[in-house]
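In what follows, subunit A forms one complex with subunit B and a second complex with subunit C.
For the complex of A and B:
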């Protein structure tokens, strides 16, 4: 029973919302435009740094958000400028290395005064502006079966704000995907040269999609950081691949795919972890091994999904499937 | 309809009375291999011009150069009196010269109707900020849809409007690509092997559609291997071999030109052209 409540708790946890938001950004890249961004965690980390560093230097919350957005937008422009004229694979190579570059720079000793090196930035240094805005009481609140603090860290306040943000950006995706603008992006996903031959400036559209998706990724990063701290190593390659997995799990090129994918991903992680620790004796699998084991199981589940339902849970196989 | 060419000499690079496209000294080589070396080339307005030649003659490369999809080392070419040197494919399309592809580029995972809508030019909703406010593009969208409906009915694709383009047959995709190109009201349409992979049952209607375009006042330039089609619909034939234009003339006589026979028979003993020439 506790396990069930824990997994349901995971459905609406701030981390789930943060990943859902990042996946909405990736959906602009991959689902709509067909861009292979393999460095989404880099956008998220830049957003986190932009927000946390400016707040800890005394910036008000709106300015910190603007800085996070601008930093991610510049990163997108910088990455897209040389690579978007080339074939898709080059963007994948450039983004995966650029994201690692951001992480290594962040954890390097030279930038320690700014980024806090490999330990990152403590939550208390940058979360206060957001927490001060909370209208909720400054204490633990129990809603139905779940207890969270009203306004600190992974709070009800953050739950509300995070899901409102996810809803707004899902609406944005919905509106843009059915507009003529989104139609050009879908055309580019199918065949750039055909779209060029119809008189559209493909490079400019790809750049717009890359920057927009990257900025949304950065905001997802900010949500993630508001629930904990800025940790460069939490935004490595695995994070990028998780976001890809949950996007494909939910269904790329759909409005709700990233959200459903994120919910199922996080819930199954907790569920598998809980079941494994309840039913597998510690002589077979020690508690420290359960975490990697559950990730392995999630991986296997996802492989099965990709084999048997390549369009994801909500996807339209005729529009965008994983293996065609 | 041959009167437009009455005064045109039957020789390579012949000047036309009213050229819509003019190309001079266009030279494109890949490493040491010369793909295109065209001294002078003109396309007469409101007519159907065929560009033929044996495999490897440089037709498709020349086509790509004229539409901005490839850049030559030297040369200049004009469309409607404006130089197109260094112009991007998108700008060339916006100037009114639209092309199709040899390997059909139907946008497979979009519906037929969405393919058509994408073809329309100057859509305000294609701007990111205006896309956010449907009021700014809804009216234009319904105009575009009406236009697409007319074209789709004409090309007998209206029943397929909600199907994904990927589910169409090869010939239907060719039709869709042509119809989509017409959405922007181009002055000139360039068709790269419009008959390649088309089921014979559709060939006739495809040919009729091309002739109809001419009757509407559009200029057509096409690359083709199918000599039947070339003879049936073209007003003027330009023959390329080894990157150069070797002959020009009306379809009835150009194939008997000795230079053309040499180019084809020298390289290919068994094309259907050998039968034509006999």
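For the complex of A and C:
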């Protein structure tokens, strides 16, 4: 019973919302435009750094958000410039390298006083501006079965803000995907040359999609950081792969796919860990082994999804987004 | 190959370089005013990084040791020493990247799970050689194998090559038969890499494991010093690479491999059994990755479950630099990357040395996406 409540708690946890938001960003890249961005965690990490560093240096919350957005947009521009003309697998290698580059720079001792090195930035250094805005009382609140603090760390306040943000950006995706702009992007995904023949500037459209998706990813990173701390190693390649898994799980190129995918992904992680520790004796699977075991399952899920059901749960088979 | 240099491309490269350099300067100015103190700070920085994961700390520790020891002995030269270290590292890296390049050449797949093959090789060798009791995942009993290092390495390489065979037989070859697109296959390989990485962690734990307890004796060569077992590693790696070169250039199957690389359909039409060749390539690639993993584990004193994951992007950098799908390009690229990575520690902190390689990769993609040896072709 507790396990069930825990997994339902995970359904609306801030981390779920943060990953859903990041996945919406990736959906702009991959679902809409067909860009193979394998460095989404880099965008998230840059957003986190932009927000946390500027807040800890005294910037108000709106400025910190603007800085996070600008940093991510610049990263997208810089990254897209050389790579968007290349074939898909080159783009994947370039983006994954750029994201790792950001992580290496962030965790290096050279930038210790700015980024906090490999230990990152403590939550208390940058969360206060957001927590001060909370209208909720400053105490633990129990809603139905779940208790969270009203406004501190991964609080009800963060839950509300995070899901409102997810809803807004899902709405934005829905509107943009059916706008003329979105139709051009879908055209690029299906047949780039055909769109080019129609006189559209493919490169510029791809760049717009890359920057927009990256900025949304960065905001997802900010949400993630507000629930915990800025830790460069939490935004390594596995994070990118998780986002891919949950996007493909929910269904790429759908409005609700990233959200459903994120919910199922996090809930099943909690469920698997709970069930494994409850039913598999610890002589077979010791507690420290449960984490890697569940992530093995994530990897296998990703493989099976791509092979057997590339359109995911909600996707449309005809709108397959895998093109060379 | 066009000799005409595209001016726009150069301009683009220049602007990105300037922006990156400016960003780096600004960040370092804000981040660490002490950087101006030069290379000594790099050492202290590395010492200060006690918060790093144990794996990194030990690695940094060995490097600091080498750096600290270098000025003490007369006749030692840090530049030459790092150059030699870089060449050694590049040669060992080449073992892994040649396989990656062969797979790309014959199947078109950028195999993101190749890094895990490297870790798997190193840790399988540990599995066979350690005198401590070991266990298999999901089996609740322990047993001791404890082979000597050399037979253990052979066994590890054989098992690793076996995983290559299994992968191709049960995963990649059915996917090719179903005409699953290359992009989809690439994402499958990413899923495989995630699964294997965590499987290896589950199996061997997160600690760094030592393959051997003996301490490497270093011999002084005047300008630089090098370990005796490192010399052996270099020799083994040269023999392996030479073997691959001989196989590709002189044997019948090797020619068939190159034919498949050039044009699978044509090769198939001229009677080459493409699937056989590809399966052989998979076994070779995974076997070579295991050799590379074992030698790198000996070179670094230890191996952890994520050693290959950290090397994967260096391999991609090397392969791209040399030209995707050219095995000899991968060798050249690995040497360049190895030297660049090790030489860069003269100027930047040791924890940034992999970042340098990734920077080179992005620059290469800017200026010459087809690599050093690649043909000029449209890649976009």
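The rule is simple: the second predicted complex is superposed on the first by the 309 of 324 C-alpha atoms of A that agree within 3 Å, B and C clash if a C-alpha of one lies under 4 Å from a C-alpha of the other, contacts with A are read in each partner's own complex, and residues count from 1 in each chain.
Please note the rule applied: a residue touches a chain if its C-beta (ideal position, glycine included) is under 8 Å from a C-beta of that chain, and two chains touch if they have at least 3 such contacts.
If you're wondering where the values come from, they're calculated on a predicted model, not measured in any experiment.
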Q: Following the overlay on subunit A, give me a clash-or-fit verdict for subunit B and subunit C.
A: fit
Q: Using the touch definition from the top, say if A:208 reaches subunit B (first), subunit C (second), both or neither.
A: first
Q.
Looking at A:78 after the superposition, I want to know if it touches subunit B, subunit C, both of them or none. Which is it: first, second, both, neither?
A. second
Q.
Under the stated touch criterion, name the partner, subunit B or subunit C, that contacts more residues in subunit A.
A. C
Q: Could you look at A:140 and tell me whether it touches subunit B, subunit C, both or neither (first, second, both, neither)?
A: neither
Q) Which partner does A:179 contact after superposing on A: first (subunit B), second (subunit C), both, neither? A) first
Q) Put simply, what angle do subunit B and subunit C open at subunit A, by C-alpha centres, to the nearest 10°? A) 80
Q: Could you tell me if A:110 is touching subunit B, subunit C, both of them or neither one (first, second, both, neither)?
A: second
**Q.** First, second, both or neither for A:124, with subunit B first and subunit C second
**A.** neither
Q) When the two complexes are placed on top of each other via chain A, what is the minimal CA separation of subunit B and subunit C in Å? A) 6
Q. Which of the residues in subunit B end up touching subunit A in this complex?
A. 67, 69, 88-91, 93-94, 98-101, 105-110, 114, 117-119, 121, 123-128, 130-132, 134, 137, 141, 164, 166-167, 177, 180-181, 183-184
Q | Complex interface listing, subunit A residues touching subunit B | A | 172, 175-176, 179-184, 186-187, 189-191, 193-202, 208, 212, 318-320
Q. Where on subunit C does subunit A make contact in their complex?
A. 12-13, 16, 19-20, 27-28, 30-32, 35, 45-46, 48-49, 51-53, 56, 110, 137-140, 175, 180-184, 186-188, 190-199, 201-202, 205, 309, 313, 316-317, 320, 348-349, 351-352, 354-355, 358-359, 361-362, 365-366, 369, 379-380
**Q.** subunit C partner contacts - residues on subunit A that touch it in the complex
**A.** 36, 38, 78, 81-90, 92-94, 96-98, 100-101, 104-105, 107-115, 117-119, 233, 237-238, 241, 244-245, 248, 281, 283-285, 288-289, 291-293, 295-307, 310, 322-324
